[in-house]
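Heads up, there are several structures right after this.
Shared chain: chain A. Partners: chain B in the first complex, chain C in the second.
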Partner chain A sequence: MAEYVKSATTGRDWEVVIGLEIHAQLATRTKIFSGSPTAYGAPPNSQANLVDLGYPGVLPVLNAEAVRMAIRFGLATGSTVARRSVFARKNYFYPDLPKGYQISQYEKPVVEHGSIDVLLDDGVIKTIGITRAHLEEDAGKSMHEGLGAFSGIDLNRAGTPLLEIVSEPDMRSAKEAVAYLKKIHTLVRYLEICDGNMQEGSFRCDANVSVRPVGQEKLGTRAELKNINSFRFVEKAIHFEVARQIELLESGGKVVQETRLYDSARDETRSMRSKEEANDYRYFPDPDLLPLVISDAEVEAVRASLPELPDEKAARFCRDHGLSVYDAGVLTSSRELAAYYEAVVVAAGGEPKLCANWVMGEIAGLLNRDNLEITAARVDATALVGLLRRIIDNTVSNKLAKEVLLAMWDEGRSADAVIEAKGLKQITDSGALEAVIRQVIEANPEQVAGYRGGKDKLFGFFVGQAMKASGGKANPGQLNDLLKRLLAG
Partner chain B sequence: MSLTRRDVENIAHLARLSLSDAELSVATASLTAILAFVDQLSALDATGLEPMAHPLPDQVQRLRPDVVTETDQHVKYQANASQLEAALYLVPKVIE
Partner chain C sequence: MSLHTLSIAELASGLQQKQFSATELARHFIARGEAHNGLLNAYITLTPERALADAALADARLARGEGGVLTGIPLAQKDIFCTDGIRTTCASRMLDGFVAPYDATVVERLAAAGTVLLGKTNMDEFAMGSSNETSYYGPVRNPWDTARVPGGSSGGSAAVVAARLAPVATGTDTGGSIRQPAALTGISGIKPTYGRVSRYGMIAFASSLDQAGIMAPSAEDCALLLEVMSGFDPRDSTSVDVPVPAYSKQLTPSVQGLRIGVVREFFEGGLDAANAALVKAALQVYVDQGAVLVDVSCPNMGLSVPTYYVVAPAECSSNLSRFDGVRFGHRCEQPKDLMDLYKRSRGEGFGAEVKRRIMTGTYLLSAGYYDAYYLKAQQVRQLISREFAAAFTQADVLVGPTSPTPAFPLGNQGDDPITMYLNDIYTIGANLAGLPAMSIPCGFLQGLPLGLQLIGPHFTESRLLATAHAYQQATDWHRRVPAAYV
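Presenting the complex of A and B:
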């Protein structure tokens, strides 16, 4: 279903068109054209050698691993991996670009014509086209704080390999853009080609946004939004920009093709510079680099090394575990989460739905509360299964199990130890439970009379009272059976 | 194909070259002459030929293993820098 934006002032419907350019820093040990390390956070300029600094007389030599990573991405997105691609110089002046040009790919990128499927909130699967993905080098960083009239330049990042992933303008809302961005984020981490760390800038996103009246074929003029460094900001930046463009167009103005910076503190976009036309960069093939040729054998070797990809994994969870498409999507959103879930299922010897519910519900909730990644979960798969077993064999109710998990998480104890120490074992002795129920019946003669007189709804009242009297430890099924029998008189 | 003075001004700006009026005239004429010279290639029929990306025919890019070979030499490399602060190269403030 197409999603339109209704103008608040005119009531007119507008269609939003979004394309994303994602820069994924490739997780190589060294730079794309030199043997300098790429570690994050090193002292300024300690990882910039003569090639990275753009000294005269040096030559770039391409990193084989960066090429393999680009091939991995190409294969995982059903793209064409070009058997011959070409590096080009993109010319512009900026202090953090020592050579005066960035080595990139222009006419012949290494990866072209792919797509990925994105699961939207309403359960619809949408295919987003990937126009191209090309290899290029990153620039250095400029620092402006506390340096007076100067900017400080750190060239450690200069020459770090990037894969620039360009989508088709296939997205029609900020939500779709975020879903696509998250999917690419998941994919590059599955492929182990990028650590996906948005705070450190290893996964960055620019959004091309335009609007057009519903029904109009021609695309509107787009603005390119830069500096969006979190999933939340992507959504907010696009919302702001769409509203700005609609207001501008409806008041008789025109959208200018330009680069706009998203300012998260003010939640607004503002003009950075007129976007230079593509030919202002005066791209031309880099004479220092020969064409990159990739053989069929190399492509097949990379294909054979690919891990199970998120979509394949999710399909397997649906097929073999009987999970819903949504649950499978959530559990495969990271390789680590999927591994945790699978470890739980294996250790539990089945019960995939119960395992999925606990991983996505309670475990995810505690991770979120403590701001931890799944790999740092305080209750590991085996320990969680220890608890699930006690639910399956009716030792604890589902509700009390959550209390047990909390204690396991905070105190690092096993499920059995917590259940024992807190006396949370379900009452399975029917004699003891019967005694509890009889007390409840005696204490509430009015309700008993009402129930027996035909007020069936009062049954719930007795369940609640009896459960409370048992300290939550009654087995619900057993409690129901006994109550029915005893209330019948 | 001939270049206008305006084209040359634009190219000079992109290359951050400051040309005087006299230099602009010379550059416009010279560049136009160079283009005319190269334009002789247009007379050839290049149908079906793949454009070359490099003058060395049939040679391909050699690849380097992903192994660190460079060590921290920034003190040496920065010896000729005009201004430094905490190992950062200082340049006139540029914010965009």
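Presenting the complex of A and C:
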């Protein structure tokens, strides 16, 4: 069911059309056309050699690893991997572009015609088309702060390989755009072709946004939103832009095709340059590089090296573990999380649903609280299983287990050590439980009479009282059984 | 016996046999350069200290018996090749004072072979020109007549070799820049197959056409240098990984049965009758040696000049974008802002011909014009390549004149770029098709030398050099030295 935006002023329904261009920095050790390292955060220009500096006479040499990474992406998205693609020069002057042109793929990209499935909030799976993905080099960075009247240029990033992934205009809401972006983010990390770090700019996106009245077939004029570096900002930038375009159109204006910058501090988009002001990039095939020819054998070698992809993994979790589509989706959202979950299931020797609940619930909560990645979880899979075993064998209740986990997480002790030290062991001794229940019955004669007189609802009252009296340690199932028997008199 | 009249092989033998040392040889050529460069202006930079240091190393190697054929051989490098620690100007104000922090592959290989660097030769600015008059450092004079041009763009290299200021010099050839000046100064010059010699460190003019080569009095000299310069270079993606034959060992003097294709179109139209007669006379030399002349046709050869003047400016407009005043090269004084920095740095740094080509190329690549010009030119390029390929089914080598006229007076064609561009009418085809081609001296018109051009299929440098060598066994045009430089 399509999601429309209702105009606040006219009540009219508008359809939003979004396409994304994602720039994923490829996780190669060296740059796409030179041997300089690509590591982030080095002192300015310490990772720029003569090729990166665009010195007279130097020439580019293509990094084969970047090509393999592009092929991985192509195969993982069911795309066509072009057996012959061409590097072109995109010509424009800018200080952070040393050669005066960017080497990119234009007419003939290495990857074309793919798609990925995105699971939306309402449980619907939507297929988003991938028009193309092409290899190109990143530019450097201009620095304007702390240099007085001068601007500085840091060319460490210049020549870092990028895979630009261009979607079809298939998304119809900001939420869909975010879901797609997250899915690509998950995928590139599964494929180990990009570290996905949005803060460092290794995964960033531009959004092409337009609106059209519901029912209109022709696409509206789009604006290209730049500089979006978080999932949240994608959503906010699109929301702002959609509202701006609707307001503009409804007040008799026209959307102009332009590039707009998203300003996260002000939560607004601002015009950068119009189509008329846009550079004429004078693309032409780069005569310094031969066409990129990829053999079937190379493609098959890459195919053989592909890991289990998120969708395949999720399907397996549903099929073999009996998880819901939603749970499987959450657990496979990162390769590391899925690996953690699987390690828990293996160590526990089953109980996938219990394992999934704990990983997605308590573990995810604590990671979130401490702002940690799953790989840095303070309770590893084996330790967590130590706790789950005590739930399964009734040593602790589910409720107390959460307290145990907290102690394990903060103090780094095993489940058994925490249970022992805190005396949280569940009371399963019938004699002891009976004694507790008898005390409760004696202390509450009126309620006992009421219950015996037919007020079944009072049973909950007794469970609560008895559990409280046991310090929360009573085995709930056993407690229920005993209470029923003893209250029956 | 004068050291500067010896061939490379003779110099090598003299060095090996200790008839003279590399240092003595270097001093001889340093002295000649210093004596004659003032008039000829063939060197932009003379490097006597470097030459003596190289020579000392060469002498040490020779003394240990480690030297090769080229150990101690002095040479001049065209100032388009980057040389570590020695300025590389490309004859442009833009790079006046630019010192590259690395050696071009050609420089590296020749140095590793033990050659001695005498200096960096003058050229047309960024190799754009056919007369050497576009150089920021002023024109080079032709040693045969100092009121005339030496041709271009490798005019300085041609002049130093013709005047025997160096036994050999490197050149580059994008549309005839080795062959035309070789012809106009009476020396031999070979532009090998595109991809044969690495372009790494050679400042780019038109990347898909640029090719380094060598200029020397004889084909034999060229062979000795070319076999060292050539070969695959992983730093140049367009260099080709094909084994390099020992060219100098394949100089069989026999052309018995060789099919020489006389390209009909080269002799039609504007070719001067006297020039044509010289070429025909050269062909007779081959016939006398047992070669067979075959009439061949490349009907679209006439399109090569307009095709070239689309492809070359288009590529140059992009290649020269890196000269922006930001990281190296000329920067204007006190730029107001970024745009001012770009405009004035480039406006001041580039000469008129370079600007003309950048502007032409920028226009040709613009949205809406690309298909009509660049794409069309690439299609014509394919067509010309196919015509050459067809001609090579009938002939082993193709021949024709190298240039339409002998050396013309300085300043004569300065205002008319089209006339200047037509100087390369016979040479451009080989660049468009990536074919090896060479020019050898074949006689004189009114005291000025002219050249015979030989073109071969891809990677047939051995055949071209051997064919040229056979001619030079029967003639002595290549041994002629202008009177003032004997």
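The working rule: the second predicted complex is superposed on the first by the 484 of 489 C-alpha atoms of A that agree within 3 Å, B and C clash if a C-alpha of one lies under 4 Å from a C-alpha of the other, contacts with A are read in each partner's own complex, and residues count from 1 in each chain.
In this text, contacts are C-beta pairs under 8 Å (C-beta built on N, C-alpha and C of every residue); 3 or more make two chains touch, one makes a residue touch a chain.
Since this is a predicted model, take the numbers as computed values, not measurements.
Which of chain B and chain C touches more residues of chain A: that partner is B.
When the two complexes are overlaid on their common chain A, residue A:Pro307 makes contact with neither chain B nor chain C.
By the touch criterion stated above, A:Gly412 is placed in contact with neither chain B nor chain C.
Looking at the shared chain after the overlay, A:Lys99 reaches chain C, while chain B stays out of its contact range. Contacts of A:Asn63 after superposition: chain B is touched, whereas chain C is not reached.
In the superposed pair of complexes, A:Phe150 makes contact with chain B only, with no contact to chain C. In the superposition on chain A, A:Arg89 contacts chain C only, with no contact to chain B. When the two complexes are overlaid on their common chain A, residue A:Gly54 makes contact with chain C while staying clear of chain B.
For the contact definition in use here, the residues of chain A common to its chain B contact set and its chain C contact set are 50, 53, 61-62, 91, 93, 95, 153, 280, 282, 287, 289-290.
Remark: chain A residues 50, 53-62, 89, 91, 93, 95, 98-101, 153, 280, 282-284, 287-290 touch chain C in the complex.
Per the touch definition, chain A reaches chain B in the complex via residues 28-30, 34-37, 43-50, 53, 61-67, 86-87, 91, 93-95, 108, 142-144, 147, 149-155, 272-273, 280, 282, 285, 287, 289-293.
On the chain C side of its complex with chain A, the touching residues are 81-82, 88, 90, 95, 98, 100-102, 104, 199-204, 206-208, 234-238, 314-315, 317-318, 320-324, 326-329, 338, 342, 362, 365-367, 370, 374. Contact residues on chain B toward chain A in their complex (touch as defined above): 14, 16, 53-56, 59-70, 72-74, 77-78, 83, 85-96.
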